[in-house]
Amino acid sequence: MQKFQEWFENRHEYAKEWKQRTGGKVIGYFCTYVPEEILYAAGVLPVRILGSHEPQDVTEPHIFGMFCPFCRDCLAQGLKGRFDYLDGITIAQSCLHIRQAYTSWDLHRPREFSYYLPMPHHVQSKRAYPFLRSELAAFKEAVEKWTGKTISDADLDRGIEIMNTSRRLMREVYELRKRENPPLTGLEAMYLVLSGQMVDKREHNAYLEQKLKELSERQPDRQTGERLMILGSEDDDTAFMAMAESLGTTFVVDDHCTGSRYFWNRVEPQEDRLMAIAARYIDRPACPTKDWPERSRLPHILKLAKEWNVQGAIVMQQKFCDPHELDIPAIRKYLEENGVPTLFLEFDVTVPIGQFRIRVEAFLEMLRQEDLF
Amino acid sequence: MITAGVDVGNKFTKVVILGDGRVLAKSAVLSGFDQAAASEEAMAAALDKAGIGRDDVQHITATGAGKNEVPFARSTVTEVGAGARGALYLFPAARTVVDVGAEEGRALKCNEQGKIVDFAINEKCAAGAGSFTEAMARALEIAVEEMGPLSLQSTRAVPMNAQCAVFAESEVVSLIHAKTPKEDIAHAVHDAIASRVISMVRRVGLEKDLALIGGLAYNAGFVRSMEEGLEVKAQVPEDPEYVTALGAALVAAEKAGEEA
Amino acid sequence: MSKQKYPTEPLQCWAKAKELREKYYLDYRDAHLKGGLRWAGGAWTFDAVPRGLGDDVYPLTSEPYGATIAHNKELALECMEATEKAGYARDLCSYMRIYWGSILLDKYPFGGGYPKPDFIWQDHICCSHAKWYQVVKDLEPAIPMYEIDVAVGPYHEINEAKIQYVADQILDGIEWMEKVTGRKYDDEKLIAAVKDECRSTSTWAEICSLNKAVPAPLDEKSMYSLYVFGTLHKAARWVADFYEEVRDEVKDRVARGIAAVGNEQCRLISDTQPPWAFLKVFRYLERYGAVSVGSLYTFGLEGIWEEKPDGSWGPRTTPMEKGIEIKTREQAVRINVEWNLSKPEWQHFYHPKFKTGMMKRIFDEWKLNGVLLHYNRGCEGLSVGIAENRLGLIEAGCPVMTFEGNMGDEREFDEVATFARIDAFMESLGFKKQY
């Protein structure tokens, strides 16, 4: 499992090396609604832009302080030149926060290709399918113009196959976490998913395929403890995961765009490939920016909690994340009504580990007391 | 010609008396609740030091948060304008002036005449101002004057995320619990506050030279963090706290000249 | 007042504006007494559409409702505290927190309890808009709700599929509306409403373009009281008619050289909603002879504009002026969608460069000396990209001052610090306080 962490921690070296090795183009994406199928079809490597969890002082002139620390952390990476190897950047429409990281990047670190994909918000309307299909066609055309290569149906099939394989493998790993003693920790699962957003999926898939059997036979060298779920906004805070699991608990499942939301559903084959891809993104577990008029996440999250047999949920959000702030009171109420206690935490670029440890400990103590009675 | 500048700050009221371009006397008193009384007191002390009477002063200009509370001032100038004037008088090559006082931090950009081109001021948050260091010194159980020298002993940068003073205080407590040496925590505090101030500097855009004025510039740890963060040597006057009052005294001299 | 340079006169339409606004809120409240219907939605919603349900259907738009309460500091605070107590984050949109608070406390500022709508007809522009009413439904689960996505990209990239997506959602919504109200939908009324909306929003743009005159016939503080009708019910005939009256009066003021601010010597624009409880900021500016002649917010949120043959900005030519005859429901909806997607204030949601460009245009055509950017903690949607607007304007040579605040939550506005900032900005622009 070490490999996934190494990939995650050396993402820039990996991408630079990939470019050198393949001579291909690398594109940075800001949101997981970007259809990577089309990028793989074009032979372009998509890498997700994430922050570095270091305090920084370069974004103040660009993003007003009321927007989330995550979008500022992402932009800081661009302004500090850490992603200078990117040939292009792209975003699929989601929240206003991360959009600003993209637009400021577009203004101040221009790349040869920059694309804003108006991913519809009303994913619960059947009207979203033909609209997204038409936007995907425009995106495909723009990518073709950029790379100078036409994307054929066969290319799209290949792109879909790469993405679907990755999704299938990740689901298989998550299935293992249902076990009484999951063979991997939440932290390891986080590295696994995050590295998949940064590494060539073909390489990631091959390695994961090979590791899956080993993982399935692995005996954890630690007690599982309380089975927790973590859910909320973007979360690649490995320091928090490590701290929480060091307290004798295990995260067995999540609802994050850096976790299960990213790979949950697959492209279902259709003759019209772009329509098939469009349907996959419209039908995926929603980001709260798109989860209306119904809150489809409520039953989805509860289903995860039941199937993975969780005892409690940590509900986190990036500070100032309005879309999640608009869902969290409803989610907490719903989970608690259904017997899943919750702990709410607000994350910043760095979290005060000491304070958070006390809160997690208190939460675990509460769960243990419930066990007693 | 003798003129004076009175800078009624959030914490201290400072007076500078200027005689033909030379500083004759300075004084500072706590601003307290009654800013008018504080300005009277500071003025009297400065006049006393200069050995002159109120009538010898041709023009008095007030500046600072309480500038409208100075009963004997003939005119006022904003602290932004006065800060730039004072800094350029001391460092004619300065184009970016950073002024950090007790509760406010400012970054100013000016041209060679000292005219303000752009400025940024911290919002309703003390994380970018002097009182932040005071709170952190309290958490570290040391005197605020010790913060600077202590942090200079540190050779290790510990990251700290001071979006807010209260949050930062809890981070300091966490660091103490993690047995982080005090000098490294002091260093982290200065890096954090400098990071807030540097954000403002980036907002107006850094143009050399950089001058640091205001009470926090006495703190060598803060100065180091600013210089490291911006990768530039800063000009720090001997009495950074008085620069804005000096600027007001210079404005007063100009006004007196116009009147004459 | 010293240094009076120009004659001033109060606006004649003032009393009528006050009366119409009061009537709007009472009509909504009392709709059921006469067998009418009430609906709720945002100021940006497609308000022409419910007009097809009949002439006794009254809207309550949420943002101006929030602003109305925000003028009353005590009530606003009470509402926001109720919302916070219910577990919602304090950094959310302040209009929204006020609105929910009004439901939680069951208080209507025009007397009585919160008048529940018969249905919700909302669109989704920022991260909060559709979810605003999702929470209303958490509080009042029985209210039927329909919401429309308009985020199809900037207007200059508009195409058939984009219009169709929005139009189809509306057409589905009309069927839904018939079902939940049990009323028969009248396409003729829809067509009339779409025409009224084009007329009112184009006329408002015309009024704003009259403010290019020196001295400005209107100051922004007064414009707020007039612009609000576009946010209340832009597709209402009475709004379109009233705007024509206002336009005639403002034209007359320009012809006679009547100024809004008699000592005008410095022309500014602001940006985003102001801190409503602190409109005295504008009075303070007047002491420098500084007048805010508008903003992209007052001009372009309910005003629909176009570039004229001479390259300047003016009111958009309506379909009626172009001789287009609207015959069917589908055609009316498509025209309405296309018209709304051209809204200037909608463009910057996609990229700050669009807003910087429009502000620079206003700076030049409205002959400005500076720009005041309100970093508004109360509204993500209009603050999005604002820091880049600042950089862009400075690069384009426009002096900019920023100040932080909140349109609805006065706890986030620092009056003393803001006035001090204005002093420094005016000093840097070379203007002296006149009184």
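Structural remarks
Order as written gives the chain letters A, B and C; numbering starts at 1 within each chain.
The rule is simple: a contact is a pair of C-beta atoms (placed from the backbone, for glycine too) under 8 Å apart; a residue touches a chain by one contact, two chains touch by 3 or more.
The shown structure was predicted, so the numbers you read here are calculated from the model rather than taken from an experiment.
Most remote from chain C, judged by the distance between CA-atom centroids, is B.
Two chain pairs, B-C and A-B, are weighed by contacting C-beta pairs, with A-B ahead.
Between chain A and chain C the centroid-to-centroid distance comes to 36 Å (mean Cα coordinates, whole Å). Note on chain placement: the centre of chain B and the centre of chain C lie 41 Å apart, centres being C-alpha means.
Our note on geometry: chain A versus chain B, Cα centroid distance of 45 Å, whole angstroms. In chain B, the residues that reach two or more other chains under the touch definition are 123. Residues of chain A found to touch two or more other chains are 60-61.
Residue ranges on chain B touching chain C, taken from their complex, read 65, 77-81, 115-121, 123-124.
Chain A contributes residues 60-64, 66-67, 93, 95-97, 99-100, 103-104, 106-107, 116, 118, 120-122, 125, 127-128, 130-131, 134-135, 288-289, 292-293, 295, 320, 322-323, 325-330, 332 to its touches with chain C in the complex. Against chain B, the residues of chain C that register as touching in their complex are 394, 400, 402, 404, 412, 414, 416-417, 420-421, 423-424, 427-428.
Only residues 123, 159-163, 167, 170-171, 173-174, 177-178, 191-192, 194-196, 198-200, 202-203, 205, 229 of chain B touch chain A when the two sit together in their complex.
Looking at the complex, you find that chain C touches chain A at residues 86-89, 91-93, 124, 126-128, 130-135, 137-138, 145-149, 151-153, 159, 161-162, 164-165, 168-169, 172, 349-353, 375, 377, 380-381, 383-388, 390-391.
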